[in-house]
Amino acid sequence: MTIRIFVTGGTFDKEYNELSGELFFKETHLPEMLLRSRSTLDVTVRTLMMIDSLNMTNEDRELIAHQCRNAHEDKIVITHGTDTMSVTARMLAEKVPGKTIVLTGAMIPYKFGSSDGFFNLGNALAFAQSLPPGVYVAMNGRAFNSDNVRKNKQTGQFEELH
Amino acid sequence: MTIRIFVTGGTFDKEYNELSGELFFKETHLPEMLLRSRSTLDVTVRTLMMIDSLNMTNEDRELIAHQCRNAHEDKIVITHGTDTMSVTARMLAEKVPGKTIVLTGAMIPYKFGSSDGFFNLGNALAFAQSLPPGVYVAMNGRAFNSDNVRKNKQTGQFEELH
Amino acid sequence: MTIRIFVTGGTFDKEYNELSGELFFKETHLPEMLLRSRSTLDVTVRTLMMIDSLNMTNEDRELIAHQCRNAHEDKIVITHGTDTMSVTARMLAEKVPGKTIVLTGAMIPYKFGSSDGFFNLGNALAFAQSLPPGVYVAMNGRAFNSDNVRKNKQTGQFEELH
Amino acid sequence: MTIRIFVTGGTFDKEYNELSGELFFKETHLPEMLLRSRSTLDVTVRTLMMIDSLNMTNEDRELIAHQCRNAHEDKIVITHGTDTMSVTARMLAEKVPGKTIVLTGAMIPYKFGSSDGFFNLGNALAFAQSLPPGVYVAMNGRAFNSDNVRKNKQTGQFEELH
């Protein structure tokens, strides 16, 4: 079973810049994480962009949708900032039919000791293999349908809309 | 969706005893891992035993099967040593019908920086929610059916029998 | 041998705020670090402030000097942001005679996996015990005299002035 | 100021063998630790042996003494298992005059999240630079003289003999 992973940035991949004291994007940690997971899945990783999801434009989302449609795999995991993950999920649900697409991310950068990112990646890869076609958000241990999910800004948790 | 986690020990939960210089079992790290994952799943954790799976007896396996049958949840994750995980999986497949049971573990203790355990837990919890009733081994990013899995002792990876 | 540790903030103690996505100060990690070090030193930790050293004012430095003079210990370690560590060191050298004062910090927050902070704390505590009275900066494995040190903003390393 | 580091093994450098489930020695973590510390010290690392200090023979100790005498540096740090660290320290005090030699190690392997090793290395490197000629054990944040130190097997802490 082959899976495609698209990297778009988000907290997941943020690093600490020791000269400026600010968080920034260098390279994705996905290959390192897959190695550590001892995954024997047939996975291809491709970085589409490295941005904060608050800065993601409609053009960026069109690009992601285009890449999802063009990928020869029909199981896709997308790493994404949490702030607008639900927005991208809904847009992909409209534009990319017939594939199982799972968006995931992290509340804490992978390089911080307490990150949830490694768990979330395991979660998302499993949902991508086992759920029927559709677009999902894999956060907080669960898979939310793209048409029924939002991030609660007060708690930082994802929840159903109704 | 409620999930039951049964803890049986294995590499997953091994700690370093700084007085003896040996690895040993203290307490399970599951609650700490669930907290770190920011899981909002309705999960109950129960420790059944804390042993090396090489030392697991038929009586131990009978106890696990009994607990799986008696649990009111029909989605169950079992943390287990990797060496005899396939053996326990096959036995549970015979004795516990009608539930989705996912066994998982780790090649490296959770407390080691390079552990695969946190990823595996995310993987197992997703498979427990999404796979049909049956018994599975969630390792190396994949879900293996209990009747078609073994640990390859040379590579340390799980693989299909045929 | 008793040692006083004064906490003033800096990168050392920065945490990741998962709701805002920004770095911030919560509480000092010093007690946790001392526990992990298995130190049997007679150490008292006191937090004076929790600030970025770029925001440190003359009043803040006067407060630190006052606390150093008033401490009954004559061996003092101060955790401090790296950007103005040399400035505070020079000021303390003028205002607090007769004590061994060692300033240290970190280029990467302690909570990041790759932090230098734990090493630097071990370094600073050793220099505080073994160097003659004076004010020192303990960074990059070395003890710099307060009158001959600066942070090179290009490399992020501390170096002698001449 | 140039410092020589001799590696002899000990808990410090133990790794987890994921195939056998046992702790073992692969390679020293010293270069990785020095990089992470951002040390700008002039340090040369040489691995003399990779053994449990309980298995260290008189011949091994003769070799260490020989290497210390022959080193052109007069500041030396030795990483060493904690169980017989005091024994080696006393022997070196007899056989290697005129140099500052600091033995250090760890109660928990560096690769475990909770290791004291990185702190101890910072501690030992500072004592090696600042203490007068003699042989010392740097553990628990302190420098013990070789003629007045033992490891308390009950507490795991180093303490004075009298």
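In order of appearance the chains are A, B, C and D, and numbering begins at 1 in each one.
Criterion: a residue touches a chain if its C-beta (ideal position, glycine included) is under 8 Å from a C-beta of that chain, and two chains touch if they have at least 3 such contacts.
Values in this document were obtained by computation on a predicted structure and should not be read as measured data.
The minimal number of chain-to-chain contact steps leading from chain A to chain D is 2. In this assembly, the chain whose C-alpha centre lies farthest from chain C is B. The distance from the centre of chain A to the centre of chain B, each centre being the mean of the chain's C-alpha atoms, comes to 26 Å. Distance between chain centres (mean CA atoms), chain A to chain C: 38 Å.
Distance between chain centres (mean CA atoms), chain B to chain C: 44 Å. Chain D has residues 107, 113-114, 156 in contact with two or more other chains. Listed by label, the pairs of touching chains are A-B, A-C, B-D, C-D.
Chain C contributes residues 1, 33-34, 36-41, 43, 107, 114-116, 118-127, 129-131, 138-143, 156-159 to its touches with chain D in the complex. Those residues of chain D whose C-beta lies close enough to touch chain B in the complex are 11, 16, 18-19, 21-23, 52, 83, 107-109, 111-114, 153-154, 156.
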